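Presented below is the structure to which this report refers.
Chain nomenclature is as follows: A, B, C, D, E and F, assigned in order of appearance, with residue numbering initiated at 1 for each chain independently.
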């Protein structure tokens, strides 16, 4: 008898790294979270609870067993040193991009999207970003810190520049952030109604999708650090993912801000699981 | 002074068995649950929390105090022996049917609908089943077991045959289950939009309604073993119950898959309570 | 070095009493709660979690930092003596009204609205009340008690009389309460659809708005003593608040029935926080 | 077929009232609770969870099935009117005493012991009280109220007088309460070490035992409104119950202050269940 | 770049199967649990939370990194078919024993110890069993079922016979079970005081240790299906493990009945983790 | 009428800064926590729940109302920048020390003790530290970081040197940490038995007491990030505090590692509250 060590992956993601088209990995970092931490536990909870899902999506009529996804586990990161953490994420993402693979990163807090977007940008200087979120994330600094979950999209703008960032579902921010957005990004407040038409324009450019799950209403998704009432329903988010199918050149994506301990029912984790499945099937098509 | 032993029933269900038109009973079984068990506690929690409800339904403009319902408590079942459990449920349901009463059974996991549907079918060979659920429940077996919550509707098809099963709200299953359904059942994906028109056809045949509460969105109903995001709202479920009023020959029903411990807020149990009230008033009219 | 004692207010509500236009205060009383107590903890939880909010409302395009609100803390009330409690609330509210200020009171159970409405009525005999709630609250007594959360609107009618009370969103009550309402109040069942047109009529009279947050669906707002399924979404409540902007003479308001311990995710408290912000901005305009 | 309505009693307590030696009843009142309410749910939770217990006590080598106990359910009490509540408890207790039965009352907050002790005192003017608790409960008033959980033993002293009250395990109170106790009661701080020798003296007088479960360390018993660290272990409480066997004339008892929702693990409720079993077997011997 | 699939083991247990001296595996079965299910989640939770532990034991002055343990993951078992489940466990355990390795099995409910003890007994007919538990587990059947968590030690006696079973810490059972034990097993009630002297006698025979963690007081270990107050402290359990070092021929062991969801604080899971570490170090010495 | 802004302090700590002998302040930092974050919420929860306590200690026979303590609130700290955080704590502590006051700091994770000990050391170069904890905290670095909760005592040794650190209750660490301690600190494993005799030696030197509450058994104190089974009881901790009364020159102290969300019962927070009271009375004597 021979037996392998216990392997734990997201359901249906057991391809080897070499053969995989898409790499799934977790970034357990919540070091700049200002209100309630805990997103570090997200990917681990998602892996465990993914076995309550089917691998088949009746929305996309595709099956995880028909595509090839590698689950690389969670990055091992130091605690308390934000810059070093961001560097390690950047290096890992660069390698994946260099190896010609797409990736789906699961946070962690939203700041971890900065190095993954940067890694993709290095390869695709014409990168455009679709940002789905409750919060603007456009502060120039937060309590004196430039590297903060509240500044992540602003930091991306530092290298992407104007006309590259498309924000949807935004319902919280400082007045000055909304003002700033008028000049530098496309921003739809409260809903995703214009996503479809904006995607029309982005069809043929390289696109990175960063999805902060707190765009969902806290009634649907209470398991997050900063619940912001008045969000979208899960069906609206599914519709948005259906629109993403129109993108011809979606090169990477992330899903952030699940904090699983805050929703002991597991409903929030189930949402993250299903979203991971749909996004993997979207990337892998 | 004389005092009775402490009686505990669902609110307004204190009729004697002899005089009752409708029998309410609980089936505390979750033995084939594959993900998170706990539905065994459902009916007990529903009885306790029903006292947060009124007996009057402003939707139906009817009152539990105007109809006659007997609450028979929970069946006492052995643990770990699925066949024996199903037999005991079958016997109990047969007796109630034989005594000329309608019943509302509260699960437990969905497998417990198999014997109750069978008992009704024995009396009404022309029985049709309305199945409201997030999951297809059409597997031929699950990990080698034919008697499973994931197979319950398939097992019912074994004796009911084609053209008798009407499925609504389905948003999860294996690809092969959806394929199978195309040939053997009526299946609406994601919503209940066609329920009204299908009911039109079922108006005059005997109908059993089996309602898996996980058809609801987990945001609304997190207290269940396998939360499946993207479900219907409670208002949509209420609308469905309003449509059921058109049935001239609804003979029994069940409500399954509340797992109350997973929602410590009690909101999921409150939903089950209200649904029990509406379904009792529907059966008793 | 000099340092002040630790002050704790709702975010952005640090004006002195003298200079403030609006007074915010908490009433930690749940003494007649019949099902699940705990609303006494509401205002304290709201203060703490308000720091997860921004002070700016993108809905109203106004900022708490532009208006002047004083947070007076929670009243200190005795336990077990309902009449004495109501008297102390009455006295406090009278003072605030006498000092020419508007107020937003946060309960507590709904009975605490009786003395605050009374205090405002003493100054504005032509007072009209907009009542947003899941429950009629029109019982003449409850288990023999006239002073009960289930009777609070009936008690207000005792002095306000017919034609002054406008109820919205009501989906639970005894049949007799609904009958009574037909003669004595305006009552919309299940939704807030007619709020806008009713507000049109109330534009120029003094209005008090009493908002029982259990009008929201328990999926959205599980943190309450008596969750009643089938309620409105948070967006619908936000829309209602937008309609309130039409009122020229809104003189006071309250928000009641958050029971924060029942929703450990904090989503319900976040809803209360955001509603407090929007209502303060509405009162202060 | 004939079926009884669903009966719910503490395990093994299904004797009729007429034949029972001991009456078990619940008093779901927490109206003067100053910190965290919820003891109203205690007896209901105890009944449900008692089925995780055996009826046999290996400590006493006696079995609930060998004694005759009637479970009378919970009293139905109004909300918000402390005096009326206390009167109803008094009347019920009087009746039980008059019918020549012993009783075990389960609270509720500690104030509910006042009328039950009074009812027993009316029959046994020489009554002595053993009080096991973390708190002195000797305040003359609390926030102006004489009828308060914090005053219950002081109120009993009003009619019992000096030399009748024996307090054990006390580790919290105002300085003035400890001073007062020196003159009017027997009070052991922190532990139950002297219980055995005090019982020696009380062997032949009528004794009422009032047991506030918060005497236990919160590590053992977190499910209570006012957890007070530094308490006794459950084995120490079991030892105390063993000592109670020496009493020749224990006429009634109560167990108060379980607040089951605060301990979702059920461990606190399990403690209450086991204590109820041991106390019933002690009373019934 | 090359990357392995995400591996998830108990901390420090990353040896290959071939080279390992001790095999660690989980048995996620709770199918005969009569009160509160959930032990199926134990081993998964233990693996995750083991990273809060150190690999070094200051009690034994040994380190998991110095011994060789293989973590084989959880067995994949069908649901609802007790006999088939027990057979699969038996086969797996036999293989491990045949390959000359010791094992530590982590349940699951206690019934899963039946096939693992049987597998070891097949190799060591002189096997003796040390049973540490709150419950006798000596029923001949439970609600008609012979294969039940409440019968597991009785079933082991069926093949082991008299004089082979040593029970400690027992504080719950039917009177008849305690009577039966007097003739057929060694049974110490309430504590582990005689464990040391009994081990003296078992020093040179093959010994299997089955440890039901509910022997611990629920204050220490609330995360279990049937909390039984009055148990031992964790230090007492650690002392017992120290005594086990005297055994010269301990061949296998198990740890059962952690139900992690019932203790959201993680303290119960931490206890299981630490006990797994100490037992692995004991087996591997 | 005039009213102050809502003030929120620990019970009985309402002295002004100028007149206070002892300063109480919170440090809401958990940025290097490696397992489960959340200690940032500790002091806020302690303030709120302190109102379930009395101000009088029957252990010390002293009352908070007789001493003068100022509650300075929580420091406002940036997120994600460990060095800047430590600097701000250092500056605040220095000021308090310079103003001739003692302080009790409440964490936060244990790393926050580094700057407070340093501030006191700057004034008292002969400072000795009593360290009560489950963990050694003596790592030289953790995942490459020198500033970590796992290194805090090692970092203090950097400036204090040998013979100044006295560790008690330690039951977890790497083997190398225990080895290191043999040469550089006094370390008692598992218990506090030698605390009394060590205090005898420290009677007349300046002493800082740093108390990590995870020294308590997780059964008693589950509300912490890294529960380590096998700890001390709360009575043992109270005894230790009684021994501290012998110190003639205790100049400051801290209490760290309460993570209140992990214990929703509030029992852990109650322990922290009571410990704060006893330590304030110890410092203020």
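Operating definition for what follows: a contact is a pair of C-beta atoms (placed from the backbone, for glycine too) under 8 Å apart; a residue touches a chain by one contact, two chains touch by 3 or more.
Remember, predicted model here, so these are calculated numbers, not experimental data.
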item: Reference subunit C; chain at largest CA-centroid distance; value: E
item: Selected from B-E, D-E or C-F, interface repeating A-F by over half of its contact pairs; value: B-E
item: Same or different residue numbers at the subunit E/subunit F copy interface, by half rule; value: different
item: Identity of the chain that, by mean CA position, is farthest from subunit B; value: F
item: For subunit D paired with subunit F, centre-to-centre distance based on mean C-alpha positions, whole Å; value: 38
item: Subunit B and subunit F: spacing of chain centres that average the CA atoms, whole Å; value: 55
item: Distance between chain centroids, defined by C-alpha means - subunit A, subunit E (Å); value: 41
item: Junction residues of subunit D - those touching two or more other chains; value: 36, 217, 219-220, 263-264
item: Contact graph of the chains (line, ring, star, complete, other); value: other
item: Pairs of chains satisfying the touch condition; value: A-B, A-C, A-E, A-F, B-C, B-D, B-E, C-D, C-F, D-E, D-F, E-F
item: Residues of subunit D that touch subunit E when the two form their complex; value: 51-54, 56, 58, 61, 63, 217, 219-221, 233-235, 238, 263-267, 270-271, 274
item: Parts of subunit A lying in touch with subunit F, wherever the complex brings them together; value: 30-34, 36-38, 40, 76-82, 84, 111, 142-145, 147-148, 261
item: Touching residues (chain side subunit C, partner subunit F) in the complex; value: 1-9, 14, 16-18, 44, 47-48, 70-74, 95, 99, 264
item: Subunit E to subunit D touching residues, read off their complex; value: 35-36, 170-175, 178, 189-190, 217-220, 222-223, 226-230, 262-264
